[in-house]
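Structure incoming, see below.
Chain lettering (A, B, C and D) follows the sequence in which the chains are written, and residue indices restart at 1 in each chain.
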Amino acid sequence: MDVFVILAVVIPVLGSGATLVLPHKRWTALFCSGVSFGVLCRLIIEPLPLEFIIRLPMNPLHIGVFIDGFSLIFALLLSFLFFLAVVYSSYIEARRYYSLLLLDLGLLLLIVFSQELLIFYVFLEMSTIVTYFLVIYNETEEAVKAGFKYLIMNVGGAILILLAILLKGSSLGALLFVAGCLVKAGSFPVHVWLADAHPAAPSAVSALLSGALVKVGVYSLFRFAPHFGADLSWLIPVALTSMVIGVFLALVQSDVKRILAYSTVSQLGIVLLGMVLQSDASVSGVMLHFVNHGLFKALLFLCMGCVIYATGERNIHHLGGLHSKMPVTAAACLIGCLSISGIPPFNGFVSKSILFHALESPVMKAAFVITSAGTVASFTRLFRHTFLGKSGAKVKRIPRSMRLPLLLLSGLCILLGFFPGIVLSLTGYTVECDVWSSSAVPEVLLTAGLGIAFYFVGLKTKVILETPSFSIVDRFFCGCGKSIEYFSELLDRWLTQDVNYYAAYMILFLVFLFFLLSF
Amino acid sequence: MSGILILLVAVPLMTAFLLSVTALPQKVPHTTLMKLRNVLSVSGMGVLCVILAVCAPAALSGHVLTYTVGGWSPFLGVALRLDAFSFSLVVVSVLVCFLALFYSIPHMGYMRRMGKYDAFYFLMVAGIVGVFLTRDIFNMYVFFEILSISVFVLITAGEKKESYKASLKYLILASLSSALFLFAVGIIYASCGSLNMDYAAEGMKSMVEENPELMYVVFTLLLVSLGVKTSIVPLHFWLPDAHSIAPTPISAILSGIILKVSIYAMVRLFLLCGWQFYSEVSPIIAYTGAATVAVGTLLALVQKDIKRMLAYSSISQIGIIVTGIGIGTDLALQGALFHVVNHALMKSGLFLCAGIIAGQSRTREISKLQMGAPGVAVSFVVLSLGIIGVPPLNGFVSKFIICYGAVQAQYSGLAFIILAASVLSCGYYFRVIQAFFKKKKRRKKTPMYRVSRFMSFPVYILAVLCVILGLFPLIGLQIADLALKMVGG
Amino acid sequence: MTWVNGITIGIVLVLIGFYGVMTRKNLIKIVLCIDIIFLGLILFFVSIGYVEEGVAPVLGEFTLFVDPLPQTLMLTTVVVGLSTTALALALIIKVYEKYKTLDVRELK
Amino acid sequence: MEMSIIVRTTTRFLAPLMLLFGVYIILTGHLNPGGGFQGGVILGSVLLLFYLAFGLREGRFSENVASLIEDVSALLLVVVGLLGMLLGKAFFSTFLENSFSGIFGAGVVPVINTLIGLKVGTAFVVLFYTFFKYMRREP
């Protein structure tokens, strides 16, 4: 059965080469991602956990594959989302887009399956570089700038992880590893690249970015934190702040994709919180929310992609009244908004309530309530402004291949809403509290009401309309970039003198070394 | 069989003199002269490769080929020696010089006709191979001088205004450094009675016991003189001008190979004075190396000209190698030796790519570069990923080993500096790569001059080599390990 | 005055040469100082092989002879020093032709 | 711009003597002080003397010929070295030595000396030619 695993990984990588060469590139891309998804489904029946080693001929590193329930779910989510992305991006013609997409899929599957830290780091770094080239695919000025910021922060995060691997023994190693994963997961202090990368990337890529790639950081925390013996309790405040701040930032944004990006930051804060608590219920909630968030966030991004493709307009204030012109997209976006805000029949409700019951301290419960209320507010605002209201912009017809993924994803959201057990049965955790009967339903309605109240209060006090530029953190990172540049400019100017000084430096260095040595 | 060694040096010398003979008579119609010179230079290199192939099995299987020139006893005479360490470096340098020669056939057409550019090119190759082979310290000095003088001339082959200034600055600093080197050789000879490395080693060991002061003098002299040639931080001032203004194939060889020649000399001579003395002194080398990494990367951040940026980045990469040498443990040395080979391949490829791209977009400003031939752009991306240290490529393997050795030897601060520097290097390399992707309206339909096969195919070979060495690093690591035993590690 | 011999004078010459390179502003003077350094080195090297009452080991019978090896080495150093200086002067001519100045301060 | 008559006559008288002296230095290089390099320099200076005395016109001994001799002698030098190897001895080894004392006693050494002398002498000639060309170019 390890042949299937190798097959699932090798086909996308070969496919990425093939799409560069074969004439009809879209079909090969579809075929490869589809086959990879199919093979992974075949793996569901296999007894888990699966473990074996692949040895490369002349290479000291060997790839140790380890698959348990959680990594299998994540792999399934990844390949499914990539398949939908390939289906969705029919309007993109360039060959390199498809080959990069497939290569990224192969690398992510390898990340999910890898067991040792070094191999994990190797594939993590490679997927960062490949995603960089996907993010800057649009080649606009803004995309390139956002891509550069994405790259520097993610490579910095990866280097932190490498340092952690090197300093594995010491406590510093654990700290560095967690910091590296936080950068990759885009939690509060380092979420800056997330907010810029999403609007710049093509919509299919940004759907993947927030649906799957950002979760790699959280997954690596779950998988490799025990290796470092790190106690993650100090992560709770970080998770809480990123939950709350993420939602409030989402509330005030004007760019459609930026709203979704910041809501990803807050949702990941929730997942991080669940991960840190390590209790049985919270981990099962985390796994379920992992999959649900992947589905409805990708759904929302693809809807917004259709909106942008149709109207060519990104600012939320210029959109409006599209429900009549784009009924399918409107319905899908409605399902997505409802499920992300945790309304009963949809999948968001199940995982959020499990997580809510798993929380202990009142502070966490309060923060959770505020966050879900904020989410409800921001998504009612999103839906109301884009689809309801006066019908403004003219609409271009959306090709059928862009509408198909919307239907698939919304169907899945509803399905998982009713039968969450499908996902959890794989991981061996069970859904303890029977969600429907207990007190969950009234609580959710309460938070929904609170959220809508938030929205109208915000609307009245004009907070939501004009967007205060709240990017202190962003300025901090650009600031330290500029200061490094300024310092090296100074160094450069100071060091260019004429030959006499260079000879003098040589002799001074000689004398300095001699004295250093003899004492 | 060991007679072949001298051929390694004699063949480039003879091709150099043959080439300078053919450069003379103007009566022969010009095109046949050019063809003749091309054939001659390519065959000269070909013969060199054949010789290397012949003595490859012997060198790689671990035993040592020595050869005494002129039949004198090694105590007095000049001995040549080829072991795994020098063999791997000779192979890399001959390969890069061969590829740069291919690059220079179309690129430097006008320069080769009128001057003895080729003759000096082969003199340089003879100098490089000579330094790698000699066992005699003074002979190393002579080959260093042959190498430097031919490089001074080759830098000015571009006939540009700044090339004379850059070459003069390099000449002054290099001759100061060879004066110091000569001074150190003098002291070694005075105290040990012989110039051959093996006999000098015993002399040095006894000298370390009696008067360590003199030993410190010799060490500092050697470190400073070779420091200038490898451009360690306080002595690196000549490198940016020399490397960025020289014509592309020459700057590729300059930063790819000639920096490695002095690194090789540094390793040989420092390990000469005995392992005990070396471990006492090596922290200084490690910290200078770390300072070089830091300063090199910072300065590279602000460069506007792509070649100057590459020059500064080779300063920081040399800093990494020197740190590896300074750490001194077997693992770090092995990583450093492997990084020497990697950096030689990557940096020369990058310079050749930069030459093509700068030529096509008619500017050397980073922000105004345009992606000319897609193949060249892809190999530029692959090579710069290698330099940054992204996993699948060979740069990552050697950097990781050096950092791992650093952490093991309680130098974790150095590992931090090296990795922080690789993040910054990712910054300035991707500033160039993103310039390719920026949609720029071509000012006027400038005719993109056709990149002839000769210019782009060396770049592809180097990129493919880097990927192969990256995916299967054990090839390089075993040779580095073997080389370490040869050096007495 | 036993320590005033070839070696110390050679070292003093090298130091004078370095001082000259560090302080002179004219390019030609710098090249000349480099020559002084090389001369100092040659004196230092030759006087290393000096043996009291030694005779040059050329034809004829002799018992005590001066060590010939440094002298042969110095032949090459003379040639190297000469060629470096010739190249430096040629470059200086070109620099003057292009920059119209020999002062080091302009050639940053 | 020739020199005065006195200088011209003395050079006409001295030049062959200097040439002879240079050749002597080269040939007996292995017996008493001297050798290829020093002799070559003397040969080069003879030509310089001629130009200074008789003005800078290129005589029969033009630059191309000088540069050709220089390269050929360098080639021969390496070939002689390699010849030593072909006969089984080491590179540059003296393989012709025999019992004669004097010039021919040392086998290949005088041959090497003459080649070096030729190369250095013609190198100086080429050097002076380039300087004259440089001086004679219109500013």
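The rule is simple: contacts are C-beta pairs under 8 Å (C-beta built on N, C-alpha and C of every residue); 3 or more make two chains touch, one makes a residue touch a chain.
What you are looking at is a predicted structure, and each value in this text was computed from that prediction instead of being measured.
Chemist: Note down the smallest number of touching-chain steps it takes to go from subunit B to subunit D.
Modeler: Tracing touching chains, the least step count from subunit B to subunit D comes to 1.
Chemist: Of every pair of chains, which is linked by the largest number of C-beta contacts?
Modeler: A-B
Chemist: Calculate how many whole Å lie between the centre of subunit A and the centre of subunit B, each centre taken as the average of the chain's C-alpha atoms.
Modeler: Computed value for the inter-centroid distance: 43 Å.
Chemist: With centres defined as the mean C-alpha position, give me the subunit C-subunit D separation in Å.
Modeler: Spacing between the chain centres: roughly 24 Å.
Chemist: From the mean C-alpha coordinate of subunit B to that of subunit C, what's the distance rounded to whole Å?
Modeler: 28
Chemist: Using CA atom averages as chain centres, what separation in Å is found between subunit A and subunit C?
Modeler: 68
Chemist: Taking each residue of subunit D in turn, which ones touch at least two of the other chains?
Modeler: Nothing qualifies.
Chemist: For subunit B, what residues touch not just one other chain but two or more?
Modeler: In subunit B, the residues touching two or more other chains are 169, 172, 176.
Chemist: Going by the touch rule set out above, which residues of subunit A reach two or more other chains?
Modeler: Answer for subunit A, listing residues that touch two or more other chains: 496-497, 499, 503.
Chemist: Per the touch rule above, enumerate the chain pairs that touch, sorted by label.
Modeler: By the stated definition, chains touch in these pairs: A-B, A-C, B-C, B-D, C-D.
Chemist: Provide the residue numbers of subunit C that touch subunit A in the complex, in ascending order.
Modeler: Interface residues on the subunit C side: 18, 21-25, 30, 104-105, 107-108.
Chemist: In their shared complex, at which residues does subunit B touch subunit C?
Modeler: 76, 138, 142, 145, 149, 152-153, 156, 161, 164-165, 167-169, 171-172, 175-176, 178-179, 182-183, 186, 189-190, 195
Chemist: Could you please specify the touching residues of subunit B with respect to subunit D in the complex?
Modeler: Residues in contact with subunit D: 3, 6, 10, 13-14, 17-18, 20-21, 24-25, 67-71.
Chemist: Under the definition above, what is the set of subunit C residues touching subunit D in their complex?
Modeler: 56, 58-59, 75, 79, 86, 93
Chemist: Okay, in this complex, where on subunit A does subunit B touch?
Modeler: Residues in contact with subunit B: 56-60, 121-123, 125-126, 129, 132, 136, 139-141, 144, 147-148, 151-152, 155-156, 159, 162-163, 166-167, 484-485, 487-489, 491-492, 495-497, 499, 502-503, 505-506, 508-510, 513-514, 516-518.
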